[in-house]
Amino acid sequence: MIKVAVIGGAGYIGGELLRILLSHPQAEVVAATSRSLRGRRIDGVHPNLRSRTGLAFTTEEELGHCDVVFLATPHRETMRTMPRYLGVAGTVIDLSGDFRLRDPGAYSEYYGLPHECPELIESFVPGLPEHHRDRLRTADRISVPGCMATAGILALVPLAESGQLTGELIVDARTGSSGAGARAGAENLHAERSGAMRVFAPTRHRHEAEIAQVTGLPVRMTATGVEAVRGVQLICKAELAGGADERSIRAAYRARYGDEPFVRVVAHRRGLHRFPDAKILSGSNFCDVGFALETGARQVTVIAALDNLVKGGAGNAVQCMNVRYGLDEASGLEFTGLHPN
Amino acid sequence: MIKVAVIGGAGYIGGELLRILLSHPQAEVVAATSRSLRGRRIDGVHPNLRSRTGLAFTTEEELGHCDVVFLATPHRETMRTMPRYLGVAGTVIDLSGDFRLRDPGAYSEYYGLPHECPELIESFVPGLPEHHRDRLRTADRISVPGCMATAGILALVPLAESGQLTGELIVDARTGSSGAGARAGAENLHAERSGAMRVFAPTRHRHEAEIAQVTGLPVRMTATGVEAVRGVQLICKAELAGGADERSIRAAYRARYGDEPFVRVVAHRRGLHRFPDAKILSGSNFCDVGFALETGARQVTVIAALDNLVKGGAGNAVQCMNVRYGLDEASGLEFTGLHPN
Amino acid sequence: MIKVAVIGGAGYIGGELLRILLSHPQAEVVAATSRSLRGRRIDGVHPNLRSRTGLAFTTEEELGHCDVVFLATPHRETMRTMPRYLGVAGTVIDLSGDFRLRDPGAYSEYYGLPHECPELIESFVPGLPEHHRDRLRTADRISVPGCMATAGILALVPLAESGQLTGELIVDARTGSSGAGARAGAENLHAERSGAMRVFAPTRHRHEAEIAQVTGLPVRMTATGVEAVRGVQLICKAELAGGADERSIRAAYRARYGDEPFVRVVAHRRGLHRFPDAKILSGSNFCDVGFALETGARQVTVIAALDNLVKGGAGNAVQCMNVRYGLDEASGLEFTGLHPN
Amino acid sequence: MIKVAVIGGAGYIGGELLRILLSHPQAEVVAATSRSLRGRRIDGVHPNLRSRTGLAFTTEEELGHCDVVFLATPHRETMRTMPRYLGVAGTVIDLSGDFRLRDPGAYSEYYGLPHECPELIESFVPGLPEHHRDRLRTADRISVPGCMATAGILALVPLAESGQLTGELIVDARTGSSGAGARAGAENLHAERSGAMRVFAPTRHRHEAEIAQVTGLPVRMTATGVEAVRGVQLICKAELAGGADERSIRAAYRARYGDEPFVRVVAHRRGLHRFPDAKILSGSNFCDVGFALETGARQVTVIAALDNLVKGGAGNAVQCMNVRYGLDEASGLEFTGLHPN
């Protein structure tokens, strides 16, 4: 059994890591930490884990050696505490934003503060098995992308790397309320957030920088909170390079994702479910990607959807662990999603 | 113009008072207070009031004389500050729970603390025009019932006072999230509250005591938070006394409410909308009441619905003001509700 | 592998059976039928099953022999076609309402038509492992209870059979929209149903008869549609017999459910999640039951929650199959539910 | 009193017209038609109108002369029946899509069928008071824009006509379920539509053509259904022409909308409500518009929100009537919207 610990276990990403890892046949959760809830039962905060665990939260200071540490801690704090975890665990899988951007300058631009240990950035492998599987097999430091970034990267990279996109990428991102975390303030009260269409980042959302970094194309993204607890959906518009058409786009996706267990191409001509929709993905590790062409085929609309807490966070992190330890990549991630939901 | 002030203007009840009073043809809002937001524009907190007002919040200490003061302040605090407002305003309309229960013993039992000015309780007239219109015409101290209590009292009193009910009343109350107020904590985060069916008061909800006080029957009420921002619905089950039947029940409602502008009897044999549903009442001052009989007609199920912030609070309070000042009782309360919504 | 077929596979219960059975390690789905969708891929209707199956719908007439047939077909139709399925399958597990009520008179009273094969009723074993496990081990005809009935029976029987309840049971049931099925009409349009608190059965809901049949006590139930896709919650109020108190109630639940894999007692003194809430149960096979006592302890409020499509239908049916075939009872039913959701 | 009739009164736009007109101080509703509901009370379909009207639906054939006819009928059918209404009413206000596009070729391209009375198109004045007030004062034929088109036109025209935009417009539109109408099919069942992020028009939505027609710029729009009953929100991205900056954009909006009763510019630096959100607009006739600039100010993100049934339909139509008959433009349209809601 792989001994794993979850740092920041009381948050939503932490809870989702615990849900997946407690059911994972090759993992043993040895610790979940929370400074404010030390000694309290985990299932008091995450009631879905009742009858699944009797564990109580501990503090980071009590943490002994373990095989894998998952960091579900806030940015800024994470880069400061990283050295400690590198000493405690064989493999560190970081879900914060602190080691995603290669360029410390981009970090300070998007996060509003200078990076405090830029020398460590290069040692982290991006936690996206679809694009970095080989490196992940031996990685001891893994940085999982942001939820919207994962959706955008999975949807756009096959087209970008096959040279089918040109110009800049216009991205419209919608997200549910769980992305704001369990400590969110008045702006996330139900009465304020329910039914909202709230543009919380008209420009310069942090995940924009991740998509630009990977695709090599300029990105202009707007992020809006819509009515959902879980779920991210991206609508991306781009110019097509010469020669690109429906056939070549499908071919690019097939080449990249034909054998992938967690990426599905959803682009049908008709039907209720012809494009990716986060609604049916809650709890599952799928990222669905699809596309539609404008008449004349000079522009493409690319659509991606995922559960921000699973493929956009905890599930993706566990998938990375599975790759790293040579396990079945879907281990612990079998849940297929619900319909209707 | 009647000069009115709203104390506690930053909360949800306060905001609803402001929405109604700013459009009221005979009222002039001279002040809205908020300790924490002094000097800030009202429409920054209540964005629906944009272009309706340029007012900013003041503090209670700055309040000068006015005709009517509406108190949308927390219980306990209200009974302490009441003497000040009795000196400032011609008419005080209190929306807190502090002067609803006639019996100080019941107050301490349900509110968990002794009443601090029991000698004032008797001077308040219950703020329910349907049952106390004559007294309200000259009342200078008015205590508006709780949202669930208003629904329960309006639905049950016609049957209780005509002697058609016997035994105890079983009440199941459902409520939206706005009832928890704008300062609510983690339990009202959207991610936690969305889609919930949360039994927050399995027994001993405070509004139970108000229904018992008015009907003279024992009440056992359970209150559950369901997915809605606005809206209260009560399902009440009671035994029927001898001789009661559908005809006598309809007659009792007709006698009480045939001429009432804001109570509608909704009890149809078929159709999508045959019983009261809070969904279509958002923003309106209606309380819809209905009923169904068990086969054999020995028991009745009574159903009531209203918008907790309007007929269950601010709208009802303004209706009281209209009665008190001899205005058209519907003044400022004309909005009819939306369908669909 | 157990060869299973799902009759009525295009509906919501049918889809949920397919979701569970396609992931079940000891089951092989050999057919899913739909008259209107013959030849169409299953994952076109149930998009969560994409990449899980390439199966297409067949018709009932094409069905060959199989080990287990699950009937997710409408009442009335089911009793007519039952003889055919009894000939085709080793075990028939019926999810319709046609073989739940022992008394054909109660059937005609609650379903509005006479039963057409009353002689078969007695041969069906109630599909509730918690109460009929021994009989289910050898049962070839199983009738799964209704969703609200399952919640009510699981919550009330331990108290009723230990003699702690007296008088009649008052039940308030709330349900999500998926209970109305995939063919529902205008009353289930999103614009009409969203945010509704719709009393669709003020009295005489069919599941009431099931609860009365099992508890032996008279039941008066009201059913309301509230905003949710999945989920049933019941609030039951009853008189306590002499000697019953919190300790004896907890003891009764512990005796019955201490070893049950899918019933949890949730009754805490404080916290956000202290009573059963359907919100965290979507997709899981749990039924959570809890209770609260009135001051003086002469009445009890019992609360139950489940996912109407899982423990209230498909999951419970698969649990019965697991019992019947001597499998791990939780096989295929491991999903623990999501928080937040 | 202006005698008005609503054709297609049983639909959602029809119901909203009735809600507004029944409260309108200068209008008298003389007829509401519905072929399928002839003789049935209007408030049976639109329960919010209970106690507001005792009218029953009639058929189109029974319609006598009236001052204003509002057509809330489907496209295609409307162009066929238009000649009849032109003979019956002094003023025809059409809410269908049939007379919005000036170019019959664009009509057949976007609506999939040839226009059947192209000679009438030119005689219709666009029903948008903010841009066509003078022509509307004497117009007898008015064609109200589509809901998303109204939002897009109001948000983009001030910038387009002042020469501040260049290149093409990328529009992401989100809409609630009421836009699909009261006759919608299985795709709008609550269980399917609730919480959805459904891309129903990845390209070529009809309202795109209206925005292009008015702005003179190419438009690429994607439309997604999100969780809401009412509400449309558009996120538009465009390149800025030389010299455009925040100051010039604000100036353009101020010049256009400084005196408009129903357009508000909402673009704040901070706060929960800093950009337009449809959530607070339900039932109100406001269109809120806002914007944000990319760093470097070469691109602008424009945001617009409205209630699709009010400013995006019925309210806008009544505003046109008010202009046409020289009434206070806000007559009947005073409702300010709710917060929270």
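Think of it as A, B, C and D in the order they're written, each chain with its own count starting at 1.
Methods note: a residue touches a chain if its C-beta (ideal position, glycine included) is under 8 Å from a C-beta of that chain, and two chains touch if they have at least 3 such contacts.
Since we're looking at a predicted model, the values are computed, not measured.
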item	value
Distance-maximising chain from chain C - centres being C-alpha averages	D
Result of counting contacting C-beta pairs for B-C and A-C, higher pair	B-C
Whole-Å gap between the CA centroids of chain B and chain C	38
Shared interface positions of chain C, touching two or more other chains	12, 178, 186, 191-192, 194-195, 229, 277, 340-341
Chain B-touching residues of chain D, taken from the complex the two chains share	12, 15, 19, 22-23, 44, 46-52, 178, 229-230, 264, 266, 271, 273, 277, 280, 282-284, 286, 334-341
Complex contacts: residues of chain D adjacent to chain C	12, 176-178, 180, 182-184, 186, 188-195, 229
Residue ranges of chain A in contact with chain D within the complex	170, 172, 174, 186-187, 191-192, 194-199, 202-204, 220, 222, 224, 226-228, 231, 233, 235, 237, 272, 275-279, 292-295, 299, 301, 303, 305, 340-341
